[in-house]
Amino acid sequence: MNENLMNPLEEAALSDELFERVGTEGLSGEDIGHKSLTYWADVWRRFRSNKMAILGLILLIAVVVMLFVGPMLSGKDYQFIDASLKNLTPNSEYWFGTDDMGRDLFTRICVGGRISIYIGLCCTLVMFVIGALVGALAGLKGGWVDDLIMRFCEFIGNLPYLIIVVILSLVMGRSMFSLVFAMSITSWVGTARMVRGQILQIKEMDYVQAAKALGADTNRIIIKHLLPNTMGIIMVTITMSIPGFIFSEAFLSYIGLGVRPPETSWGALASAGQQQLMFYPHQLFFPCLMIVITMLAFHLIGDGLSDALDPKLRQ
Amino acid sequence: MAEKEVLIEVKDLKKYFQVGKHATLKAVDGVSFKIYKGETLGLVGESGCGKTTCGKTVMGLYDATGGQVIFDGTDIHSLNKHEKKEFTKRAQIIFQDPYSSLNPRMTVADIIGEGIDIHGLYKGEERMQKIHELLELVGLNKEHALRFPHEFSGGQRQRIGIARALAIEPEFIVCDEPISALDVSIQAQVVNLLIELQKKKKLTYLFIAHDLSMVKHISDRVGVMYLGSMVEFANSDELYQEPLHPYTKALMSAIPIPDPHEEKIKRRIPIEGEIPSPINPKPGCRFAGRCRYATEACRTSTPELVEIKPEHFVACHRVKELNEL
Amino acid sequence: MSEKLLEVKDLHVSFKTYAGISHAVRGVDFYLNKGETLAIVGESGCGKTVTSKAIMGLLPEDNTQIKRDGDSAILFHGENLLDYSEKQMTEIRGHQISMIFQDPMTSLNPTMKIGDQIMESILIHQKVSKQEAYRQAKEMLELVKIPNAEQRMKQYPFEFSGGMRQRAMIAVALACKPEILIADEPTTALDVTIQAQIMELIGSLQKELDMAVILVTHDLGVVASVADRIQVMYAGKIVERGTVDEIFYQSTHPYTRALLNSVPKIHTNNKDKLYSLKGTPPDLINPPVGCPFAARCEYGMKVCRQIPPVSTHFSESQECYCWLHHPKADVSGLPDGMIRPCVTERSAK
């Protein structure tokens, strides 16, 4: 476009040719400007634009890489005891120093971290599977099934969690399995309630009614409509629950109910470090730092996900 | 005129919802009407009058509390699972809210194709071709098939909803307020499309709306509902020119006319108060509490829908004396 | 000569969204005289609500940009509201300019008694005793024709029906007898019979309190009986404005014509096909260069797609932004009466 044409005052500059009738030719008016995105691509696009969420993701990847690559880099064994190297402060040989038995703290943190995260993941998985199944059953069936399940959930939810853990570890012995079992046995209640709420809400949506009107059976409605639409919120809950379990494990190990030596975890390391706190604070500091970083990373990702999944923000 | 063939007969249809121990919401309370093949029956009324519940019960989306819906000779509420699926092939529904009526996780192709998949009508290449045909039928194009609902505007979404309903080639479509969530210029697009499709595919519509002028435009016959019951039922032109029930009269006079001169000479018949709750309604005529002509008889006995003039039904005890018939 | 109470000059509002910056209002000018009713008509997303919220200073600060330099201004009694601080705006809001919204349920506080909500507004803006405020609040409820005002004062919003809630909201808005009432789709959520009651109420209150009203709506039917002047907005711009009669009987913009013709006429027996526009309004993240309506206009010319149309005046009150009124335009096949003699020189906007 010529510069002078842009000034509408200069009438003479508007040529006759410009006033040729073209109607809506060539313009459908139905065009969608931007390029097509699938639902998850759209979620990823919004997640990506959230700086804090990306920071969380980077932190988490860094932690996970460290846990698996760390011991190879340090070249130490996490169980190797050397009495001559007790309580060293961090140096170029022992990056995080050593503990009261002369074991390399960096390697121990890496190996212990694997257990912490492993327990976190296991508990979340158990919680999710039981919670989603129970919640979906309650939401879908309704009526007395729903009533019964919800009363049962209230009962389980009101049991004092610490006492259950103590009793279970007494009955089943202190093992990874009993720990996971004890921690997830009470935690699925929240997930069940949430999934039930979601299902009840989506069940009433017009698109589910439309599917019913088209003759869809219950299985199809669950697979095509209910599941995909609850996935988002389930993912957020999962990300938000993992750090909770890591912290619970740390807490249980700290009070001596968690993993048993020679296995270790961040909680067990923190517990051991706490005894040396007055003289060698680094033995408590490093395990705690790792717990904090990991929890922060999961929370940032969870926040980012829930923002990215929130349909109200969809533009 | 040739003898009109009845497609659907609704007989004394009742739909109650239990809302508490002693409270029953009588959303639809004894409604009867017939829909002829190829016609559009309009159902109007204010919010809470039960018109949407009535439409969904006719579709079998709700189980009826009482009465019958006879579709082509069989009562749809007595069908078994298999027969019900067959019925869904012949009757479809278009929803009010174009946002909640499309699954956000499905592509447009899968949304439109859902009925095709459920009934196994077409597979693979043929299925896609059918979807493209449907998209073009409602004024969208092939490129839209792989996009997601959130990428479309309200009017476009509503047209996708129409394409979904048409995919299994039904004979009868319940249009549940299909235009009330849309902008004025888009409403006309959708209404024109519905009329055009009706001509092309010989469809029968039950058109539910609160926009009286649109209902008049699209319908052959119109029923006016108030608080769960039908108060007047007539030919659409006749109903609008000569309403007989006091409620219909007030309703007609309240419609704003987009013409300043007409609006100035128009006399509005005032109507006191608001619609009472449909929970545990009082006996007698439902409109009695707001009707200025109400007598003792109106408050005690419920008026029946009576044919006052040929094909013009009114449920009012005093209709004859009030209209000097 | 009527007095200009409010004057909006070259208003631009844009929002930050995920997809980019959306230019919701793109250069809107208008004025409001004392005691008159101005209707802003347009479809969703045309910028009518954003314009009214900009006047009230109610747009969220974090993602909104309002152009403040150049000629841009919102002049109220000659003072530029765009320069006002939040504190100064609070003094004006609810006192001199009030607003009522589409959904009364979300704009009334559900945990406060109706009476207290009306009194709150009076106590904030006027130096009166509690007793006096109570008396005024009760008077207000009577004014909006809520029966049993005394008892209703002590009730909560959920105890009110839809129409009553809208009345209560009007009472809250008018408690301080404002000079301007902005009514944003006040009857859209209501049933026809209630709609008519509320419009009548607003009309009678306007006369009683000598207010100016800005009526924001998409429904031309509502406008016909109450408005003095109408301006039609499309894609963030005003496309045509004029008196009620000018807009309804002598409109000169194809979009206004389309809006009028796409509503079925209930008082005639016309069952012809409704006039329908193709397509949808443009995406305001990348607004079109020329006329925003060009893509949907059957009379569109090449120039429409390239240069924004200039204003043509047909009377003191009516003007239209459309290239069809250019002397060189191709006017064949246009509806009767759309091309009218213009009164003033064509002016650039």
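Note that the chains are named A, B and C in the order they appear, and that numbering of residues resets to 1 at the start of each chain.
To be clear about the criterion, a residue touches a chain if its C-beta (ideal position, glycine included) is under 8 Å from a C-beta of that chain, and two chains touch if they have at least 3 such contacts.
The structure presented is a predicted model; accordingly, all values stated were derived computationally and were not measured.
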{"item": "Per Cα centroids, the chain farthest from chain B", "value": "A"}
{"item": "Pair exhibiting more inter-chain C-beta contacts, A-B or B-C", "value": "B-C"}
{"item": "Whole-Å separation of chain centres (CA-atom averages), chain A against chain B", "value": "46"}
{"item": "Approximate Å spacing (C-alpha centroids) for the pair chain B, chain C", "value": "32"}
{"item": "Chain B, residues touching no fewer than two other chains", "value": "139, 156"}
{"item": "Of all residues in chain C, the ones touching two or more other chains", "value": "278, 280"}
{"item": "Interface hub residues of chain A, defined as touching at least two other chains", "value": "28, 30, 34, 314"}
{"item": "Complex interface listing, chain A residues touching chain C", "value": "1, 5-9, 11, 14, 16-24, 27-30, 33-34, 45-46, 49, 313-315"}
{"item": "In the complex with chain A, residue positions of chain B that touch it", "value": "56, 59, 61, 84-85, 88-89, 91-93, 95-97, 100-106, 111, 114-115, 118-119, 139-141, 144, 146-148, 150-152, 156, 161, 164, 168"}
{"item": "Residues of chain A defined as touching chain B within the complex", "value": "28, 30, 32, 34, 36-39, 42, 205-207, 209-216, 220, 224-225, 228-229, 311, 314"}
{"item": "Sites on chain B touched by chain C in the complex", "value": "46-47, 139, 153-156, 183-189, 191-192, 195, 210, 212-214, 216-217, 237, 240, 250-251, 254-260, 262-264, 268, 270-271, 274-275"}
{"item": "Partner chain B, residues of chain C touching it in the complex", "value": "43-44, 161-164, 191-197, 199, 218-225, 244-245, 248, 258-260, 262-267, 269, 271, 273-278, 280"}
